[in-house]
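Order of writing sets the labels: A, B, C and D. Residues in every chain begin at 1.
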Amino acid sequence: MPFNIYDFSGTTKAIDQFLYAKMPPTWAFVTELAIVGVIILLVYAVVGLYLVYAERKVCAFMQNRVGPNRVGKWGLIQTIADLIKLLMKELVVIRKADQLLFNIAPFILIIASFMAIAAIPFAKGLHAVDFNIGVFYMMAVSSIGVIGTLLAGWSSNSKYSLIGAMRSGAQVVSYELSVGLSLLAVVIFSGSMQLSVIIESQANGWWIFKGHIPAIIAFVMFLIASTAEINRGPFDLAEAESELTAGFHTEYSGIRFAFFFLGEYMNMFIVASLAATVFLGGWMPLHIGNLAGFNHVMDFIPPLVWYFGKTVFIIYVIMWFKWTFPRLRIDQLLTLEWKYLLPINLVNILVIAFIVLMGWYIK
Amino acid sequence: MEKEQLGLVLAELFPTLEINTSGDSVRFKADTADIHKIAAVLRDDKRLQFDYLFNLYGVDREDRFSMIYGLESTILGHIVVIETDIADHDNPIIDTVSDLWKTAQYQEREVYDLMGVKFTNHPDLRRLFLEDGWGFPLRKDYKDDINFIER
Amino acid sequence: MQEVELSDILTAREDGDYIVNIGPQHPSTHGVMRFVVSLKGEMLEYVIPHCGYIHRGIEKMCERMTYPQIIHLTDRMDYLSAHMNNEAVSLLVEKATGVEVPERVKYIRTILSELQRIASHQLWWAAFGMDMGGLTCFFYGLRDREHILDIFEESFGSRLLHSYVCPGGLMGDIHPNFQKRTKEFIKYFRKKLPEYDQLLTGNVIFEQRTKGMGIMSKADAISFGATGPVGRGSNFACDIRKKFPYSAYDKVDFKEILYTEGDSWARYKVRVDEMWESMKIIEQLIDNIPEGDYSAKMKPVIKLPEGEYSQRVETAKGDLGVFVVSKGEKYPYRMHFRTPNFNNLFVISQLCAGNKIADLIAISGSLDLVIPDIDR
Amino acid sequence: MNSVGKYFSDIFYGIKSLWKGLMVTGYYFVHPGTIVTQQYPENRKELKMFDRFKGEVILKHDENNFHSCNGCGICQLNCPNGSIEIISDSVPNEDGKSERIIDKHIYHLSMCTFCGLCIKSCPNDSLAWGQEFEHAVFNRDVLTKILNKPGSRIKKVPKEPKAPKPVTETVPTSNPAN
């Protein structure tokens, strides 16, 4: 089996051919689905758990604390212990709650993030599906999650939950616009919605550098809007623990709560990888124009490292926001979107369209 | 305003009352029935301007209740203490001053809650801390066999 | 906003109002306080505070305790201003019995009060930041408060409820390290306080959430008896330290911080500026503590002569009044505490009218309520 | 035009103020030396409370198991919440007179508010603060302690045993914490 750390397409192709040679085509296809599903599930669990750990460590260091350090070396298996604890906790049944929706809600949230992760290109040739409308798909799928939030808040028959859910609805629907528009900036530059094409177009430099100031603006807009879209601080109005105790998941316990919790962190991961893919070149190493020597050295670092490095950087920035800023109020939140982000984004798109039309960007 | 001067002004306004300026603050004793009228004069008179009711509390003197009002003028910086006796110990009633100072509304509720003094014309005379049907714990004859430990 | 009866709330619920109970167990009420809130969407229709969840009957308990014993109860009213509460009773007893305390005691009491004020404001800042959603503020506030608590612990053994100031003076002399540590703290905190400004004061989100929110006019502040930083944020000059100086406050030079806006922002700024002022007061006194006894001679059994006595001090929350009716016994006949938080609390119904539910949290945070002080 | 200027200056000012906040948290993130957390159960050995720390009330015993409490009961009188109970006994001394000695000095730690009045008022200076602070127990009865150790006796002062002094007549010369 050919294995190349710099290009996984050979490996995946070999597995594909192997399966089709051994089995009838239908079974081969099903087996492939199962393999991909299991791998993604594993990635999901590991990444989710360690993001929780990372968050706790990052905020601890910002707050002059040590953070988890009792379970395992540096507390590395703390979150696994937490997960086991959550698994063993009682699932409290809320009387007068809408049982069906109440039980479904966490799954909707988690399935949405699960679907989104399928389209993420981790390295060259290492992605489950490569749609030609990848960016569009990611946006569409990740906004299914808000339905889970709304259902959770509505069905749990709690006033705090309902307020939280309504806030979340208003927030996600508004910020979806800005996320879309800021992604559109790069789509205009690269001329494609396919994530692999967007990455390939950054072989000679990332869009954040090639696209002049408008690309940087789009990147910042994307960071802000996507932080809001995934309900993280300072936009965590849906949870707002000092106002609504825990917002939409006040009434959830045990593993259902863990689903919400994991879903939130996975959304952060998805958003960060999308930002890394679209603006920072995904798994593409840092290339500067025609500096062959420098580019060669950068190529030496495997794409997986590049991809995770960029993603972790953006996750850190999102965490940095959360642990520094006070929470916005709902009207400030909407003002920020409709008065600042959206108009700036629209103007930005116009400027980018003009730049692309004139061919002024670095090709 | 100085204490003596304040005493003179008060004596002029309320000739029937005995103004005591010997303690640390000017004090006088008023009739229960007049308390609202006197309070209104104290607040609105240009020379007095007692706009800040810093304190209001009741004392159970076993045969009667006393209500004590501490007033301060934030503009002129003088203080007066008014004391009034409610003779009826079984059913103490006094006029409210909560229309003059908003803080009195809550302080009177506290007095009602803990001492059982009723305030007429009070907009919202409910218990503040304790449940309905609890006794009036600051009365001297209050007994609680369960929670009270005598030493 | 008119006060609403409990029966009205019940009927209102049938009318379809959205009634939410914030508290008694809620992260932002800082204790067992309950606000009954009626909502129209995010907007507050009315807010009714309900108190009494930790009513312990301190006034009644005082009637069975000697004056030195009362001191330890006052700790438990406003536990963040324990020194000032102790000092209020001590000053009253000293005034009534005619005892002159040594100069040293006055200086130490003033320094302790100001340290306690800084500690209280630090905790308020921490909790206010947390109410706003900035959890990091909470840790920074507590981190710096720890230094003051260490000073307290070294000198008199406890961190929160000190019972250190007693009628006649102090329970014991200050620790030899006290001055050194206090000076170190001032040096440290002068560096850290600007960070507070960077993290919250200048922050655009924070500014928009506090500026113009919960405006209280000066007339209302006086009428509601809202004192301390709450009153001073509305330009109500209510500082007892200036009006009726006690202990060593007549010997130090400090500004009474006044802001005219009357909104949450003004109340916030008053407290932050008061921390600077308190540090100035401590710096003026810390090197000049006169030598002498740490306590005046008191009679073995303290009896107050028959009469009525009062003493007001400025705690971190405002004007604390202690009122005693004595019949010449060793127990007070009636003891009343006019606590600042009690009077500051009831402003909230008026301040929150027409704001959003998030503002209720911000405004009640800016009032700096300590619930045991309300309930007593 | 003015409002357009304000629009952009608001954005600029907002970003600047947010950046200031980010710098504070960012500074602490990259300076792990500023961490103030104490690793409590691990640092039990080095952890030393301040001398005056109010952990619990103890009756001072010397190396020969002598204490100086004569059972006068002043601490019991002064305690605001009844956490001290004195049970005294009388035994004949060498002159043949009966003399009061302490049988049990019972201390309810669960009721103590650490106000220090017992220690301040003790005429023989026999009570003190202990530095023990790990008081968590599973059974509340454990918190009721008998302060005089078994077999301990009062230390005889050679010259005239003084009558117990009134409560707070003298200012204690030593500080109350030790």
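Annotations for the structure displayed:
Assume a contact is a pair of C-beta atoms (placed from the backbone, for glycine too) under 8 Å apart; a residue touches a chain by one contact, two chains touch by 3 or more.
Note that this is a predicted model, so its numbers are computed, not measured.
Looking at chain B and chain D, the chains that touch each of them are C. Contact with both chain B and chain C is made by no chain of the assembly.
Looking at A-D and C-D side by side, the one with more C-beta contacts is C-D.
When chain centres are taken as C-alpha averages, the shortest distance to the whole-protein C-alpha average belongs to C. The most distant chain from chain B, with centres taken as the mean of CA atoms, is A.
Spacing of chain A relative to chain B, judged by their CA centroids, is 64 angstrom. In whole angstrom, the spacing between the mean C-alpha positions of chain A and chain D is 53.
Centre-to-centre spacing of chain C and chain D amounts to 25 Å, using the average Cα coordinate of each chain. As a whole-number value, the distance joining the C-alpha centres of chain A and chain C reads 45 Å.
Among the residues of chain A, those touching two or more other chains are numbered 62-65, 323-325. Multi-chain contact residues of chain D, defined as those touching 2 or more other chains: 18, 21, 24-25, 36. Contact of a single residue of chain B with at least two other chains is seen at positions 151. Interface note: chains touch in the pairs A-C, A-D, B-C, C-D.
The touching residues of chain A, when paired with chain C in their complex, are 59, 62-65, 159-160, 163, 167, 233-234, 236-237, 240-243, 245, 323-332.
The touching residues of chain B, when paired with chain C in their complex, are 23-25, 51-55, 57, 59-60, 68, 70, 74, 77, 81, 101-103, 105-107, 110, 114, 123-124, 126-130, 137-138, 142, 151.
Looking at the complex, you find that chain D touches chain C at residues 13-14, 17-18, 20-21, 23-25, 36, 50, 52-54, 78, 80, 113-117, 120, 129, 166-169, 171-172, 175-177. By the touch rule above, chain D contacts chain A in their complex via residues 11, 18, 21-22, 24-26, 28-29, 32, 34-37, 39.
Partner chain A is touched in their complex by these residues of chain C: 18, 20, 26-28, 39, 42, 129-137, 139-140, 143, 199-200, 203, 205-206, 208-209, 356-359, 361.
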